[in-house]
Amino acid sequence: MGTVITKIPWGVLLILLPLMGGMACFLWPRIAKILGLVLTFVGVLSVVGLGWQIMSNGVYHHAVGGWGAPLGINLYADGLSLLMLAITALVGFGISVYSSGYFERQHSTRFWPLWLLVLAALNALFLSNDIFNLYVTLEVMGLAAVALAALTGSRDALSGAMRYLLANLLGSLSYLFGVALLYHGFGSVDITTLAVQVKGSPTTWAALGLIGAGLVLKTALFPLHFWLPPAHASAPAPVSALLSALVVKASFYILLRLWLEIFGPLGGDVDTLFGVLGAVAVLWGSLQALRQTRLKLLVAYSTVAQIGYLFLAFPLAMSAGVMAWNAAVYLALSHALAKAAMFLATGNMLRFGGHDRIADLDRVVQRLPLTATAFALAGVSIMGLPPSGGFIGKWLLLEVALAQGQWGLVVIIVLGGLLAAGYVFKVLGQAFTQAAVMHESRAVPASMEWAALLLAFGAILLGFLATPVLSLVGIGSPFGAHEVMP
Amino acid sequence: MLQWALDALLGLGLLWLAWCALMSPNLLKAIVLFVAFGLLMALAWVRLDAPDIALAEAAIGAGLTGALLLAALARLRFAYADEETVGSPAQEEAKVRFPQWLPAVPLLLVVAGLGYVVLSLPPYATGLSTEVTANLESSGVSNPVTAVLLNFRGYDTLLELVVLLVALLGVWSLDGLALGRETAPGPVLDTLSRFLTPVFILVAAYLLWVGAHAPGGAFQAGSVLGAAGVLLLLAGWRFRAGLTELPLRLVLVAGPGAFVIVALVTMLMEGQLLEYSPEQASILILFLETTATFSIGATLAALFFGGRPQDDKEHT
Amino acid sequence: MIPSDYLSVALLIAGAIFFLAGTLGLLRFPDVYTRLHALTKADNVGLGLIVMGLVVQAESWAAVGKLLLIWVLVLLAGASVAHLVARGALQRGIRLWKR
Amino acid sequence: MQTLYLALALFLLVNLGAGMWRIFRGPTAADRMLSAQLFGTTAVAVLLLLAQTKENTALLDVALVFALLAAVTAVAFVRRAWTDQEVDHDSE
Amino acid sequence: MSTVFLYALVGVVLFSLGLYALIVHAHLLRKILAINVMGSGVFLVLVALAKRTGEDTPDPVPHAMVITGIVVAVSATALALTLMLKLTAETGNAELPEDSRE
């Protein structure tokens, strides 16, 4: 039994199954919903299988075409990739369950093929060990995400999607230019080969600048976050969840991976810059979120703030590598769960009341108790209150900052939490009161409420799983290379 | 010396055309200049010993992108007229948001920096060409570019076909404004398209076949096929009602679909994704290229058409 | 240089001169119809001469065939486009140039 | 002979640059498209000459595709982009 | 200066020209053209530098990458043009509305 499971190439299936599923949904729209649900569930199983494989055999390698690097493309999965794949599968399943109730027929046939193709691209991205292949996966993901963001065809959705598309294309081209320089400077596009070859040189710094700028734009780090709020706020709820929880994390993952393997060991002051931008993003995003009167925009600005936290790890990792990166990964995972839950809950409220004006939320707590609970639990994780995944992440980050005497960052981390509490309670407070005007309401299917609630539970549960998750991320020691360097 | 003058003239021409296309106050002019820019790019690819890219650029860069842009411009003016905001060229004029020189300053620094970096690269570097040459024998084809695209880095190509499909899904899900019917094409255009279509198909077939050992291949063949579709659409030809549903979608999916199936089968037989056994490599590559050609051609033509074809049926 | 080279050189240079004439016409002629006339005639003859010059040098029948096919295609496209542009211009009421 | 091919290619490119003027000047959209057509024809000629210098018959295929695609762009122009508002109001 | 670096520098300048136009222009069709010019610049750098093998045949790997890139570019262009047309039909204006929220 054990041997069969370890022999199945789970990693490859994670890419091919949603790819085939997406095409099948396009061919036969009638079965799209069922197929999508089944395939995202199989995705969860495949990640479990891959995890089993990685835990028993160590890191996962697959030489596509049998050539091996540098001529061919290698797939590679260590603890870090595995966790990203796992969170993608979990959030993805939640989004699928939610979407099965959310979309009407016309939008449903358009949603499923694109959604499965985004899923395939995400999995391919987390498994790739080749910087040009990463470019192609970024494009599949980016174009499909834009199409999904524009799905409703409303004026806001279209302009949000257009801005998103332009930002995406600009980011991709900048990234591709960096790839071109790395290839011509060091003769390879394989990350492992490059890690050995790359030396500090003008080429390397220019490549870092281009790749970094492109990926920072795609990750929406302040001040390149301008495209995120309109796109994330005007998309359909499951798409907002997908964009905020997973798509933004994908480009962050590439940046992190390239930083760990290639650029980080060379030194330089870029990490300080990332830290400063991250700190500003935390404050700016939180303040903007507090100012919003529309719920979806509030949640979108909260994403801008929470992305800032991920970048705080860069300056801290200089002397405390593993711990700072653990904090960043933990924050990314718990934010994925919490933010997906929050957007889905917001979608429920929007559907129930027909609007998302925060001031007019009409006793949502009584009318949609599950949704309100989901929003509150997700809020707990976003604020970083115990017990939650967000708490563990922020605590780890705080500990490192304190140990290094980085008082500025300590203040930012705490202040960001307080501001987050401010905007979460702004919503929850209104949810208890009765609105001045009565609104007509529309029923919300149970699947949609439960999908949001279970994802929020996941974010809380992550607070109790610190030990196993942190031991999992250590497989293949993605953060280890940093330590060896003097 | 002459060589150098030719390259310098081409380079300057490229820069000049790009600048004029981007800064022209008139949109039609901008597009015409951009098409001319594409033509010069193709010449530059030839000078750089990249005939495969020159073929792709001639078909896509200068041909299909130009047609796409022209069609979009036409519909844009139509949309203006719809909203009863007068479609005067004044609206199309290059509106500038803030002082033009403001972003120019940091960008000049970017040019200087990147220029310095490019010049600092060593004048000789083999890249992966030695590895490609060493393994070309067992790749199943003798054109190194095709070997990279379909064998060594075939996985990229699979995902690239998915990018095309995603773009089409996006356009369809947006309810793009399908190409409307217009005035009768007239006998000349009719005859032209009747005569040229078989030529396009022959050239596509030739490029597909020749790609194994000389410049050419699925993308070039597919784009020529797509261009044939565009010409037919322009001449007033429309999808027959029965063919717009599943049959059309099957053709669109055939390329990436065949790729995924081959990937799975080769993995079961050889152990790795897309690992061809050397004896079967050339036949597998030909199969993949053929299906890809049909899909690329159909997708490009459908992208030009703009909307879901059945919409057209419903409206008429 | 062998005799066929001289022929080739003459044809190629003649072709280039026709191209020059076409461009001059495009620049100097007063309205779209006369410019159309100058352009389509001169360019197609120019290309034809260059094709002939290269046919003389060609090493295989396949190359000769391709060269001729290219010329025929350009001729055909040029003629049709000239017709379409002229028809379109007339329909849109662009006036003919009168002295 | 090599020198002659290159010189002629260079000459045709310069010639092309002169033709560019018409794209700028207009005055009608048809004029711009005509010059683009000239661009296509000349580019085919340059390609044929370059093919001869590189002694690479594959470049003839590029010229072939050029010749085919030039027609498509021009037809797209005539059928789609040519609006009834005739004279372009150039600011030049 | 050799051909290789001549074309590579042209690529760098094209990339920057496109970026400049992308920032400066408000009209979406111009932004799309600008993105395409930027892409051509990157492709030119990739292919020009591939000619540094010192032999007649250049490195084919960047050539394959550029063919992939060209197909990606035309896909993105088609999607962007459709989005632009839909947005224009909604707003009557082919520009992004100024963001009043920030």
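A, B, C, D and E are the chain letters, set down in written order, and residue numbers restart from 1 in every chain.
Definition applied: a residue touches a chain if its C-beta (ideal position, glycine included) is under 8 Å from a C-beta of that chain, and two chains touch if they have at least 3 such contacts.
Worth saying up front: this structure is predicted, and the values here are computed from it rather than measured.
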Query raised in the report: Suppose chain D were not there; which sets of chains would still be joined by touching?
Result: one piece
Query raised in the report: Fewest touch steps from chain A to chain C?
Result: 2
Query raised in the report: Taking mean CA positions as centres, which chain lies farthest from chain B?
Result: A
Report summary line: Chains joined by the largest number of C-beta pairs are B-E
Query - Most distant chain from chain D, judged by the mean position of its C-alpha atoms - result: A
Report task. Report the inter-chain centroid distance for chain A and chain E in whole angstrom, where each centroid is the mean of the CA atoms. Result -> 27
Report task. Would you mind pulling out the distance in Å between where the CA atoms of chain B average out and where those of chain D do? Result -> 19
Requested in this report: Please work out the Cα centroid separation of chain A and chain D, and write it as a whole number of Å.
Outcome: 48
Report task. Averaged over CA atoms, how far is the centre of chain C from the centre of chain E? Could you give it in whole Å? Result -> 32
Query raised in the report: Among the residues of chain E, which are close enough to touch at least two other chains?
Result: 15, 19, 45, 49-50, 52, 61-62, 65, 68, 72, 75-76, 79, 83-84, 86
Report summary line: Going by residue number, chain A touches two or more other chains at 132, 136, 139, 143, 146-147, 150, 153, 177, 181, 183-184
Query raised in the report: Among the residues of chain C, which ones contact at least 2 other chains?
Result: 73, 76-77, 80, 84
Requested in this report: Give every touching pair of chains, nothing left out.
Outcome: A-B, A-E, B-C, B-D, B-E, C-D
Report task. Would you mind writing out the residues of chain A in touch with chain B in their complex? Result -> 9, 12, 16, 19-20, 23, 26-27, 62-67, 70-73, 75, 110, 113-114, 117, 120-121, 124, 132-133, 136-137, 139-140, 143-144, 146-147, 150-151, 153, 177, 181, 183-185, 187-188, 201-203, 206
Query - Of chain B, residues touching chain A in the complex - result: 113-114, 116-118, 120-121, 125-128, 131-132, 135, 151-156, 159-160, 162-163, 165-167, 169-170, 172-175, 246, 249-250, 252-253, 256-257, 260, 263-264, 267, 270-276
**Report entry** Partner chain E, residues of chain A touching it in the complex
**Finding:** 132, 136, 139, 143, 146-147, 150, 153-155, 158-159, 161-163, 165-166, 169-170, 173, 176-177, 180-181, 183-184, 226, 229-230, 288, 297
Query raised in the report: Residues of chain E touching chain B in their complex?
Result: 2-10, 12-21, 23-27, 29-30, 32-34, 36-37, 40, 43-45, 47-68, 70-79, 81-86, 88-89, 92-95
Query - Residue ranges of chain E touching chain A (in the complex, touch as defined) - result: 15, 19, 22, 28, 31, 35, 38-39, 42, 45-46, 49-50, 52, 61-62, 65, 68-69, 72, 75-76, 79-80, 83-84, 86-87, 90-91, 96-97, 99, 101-102
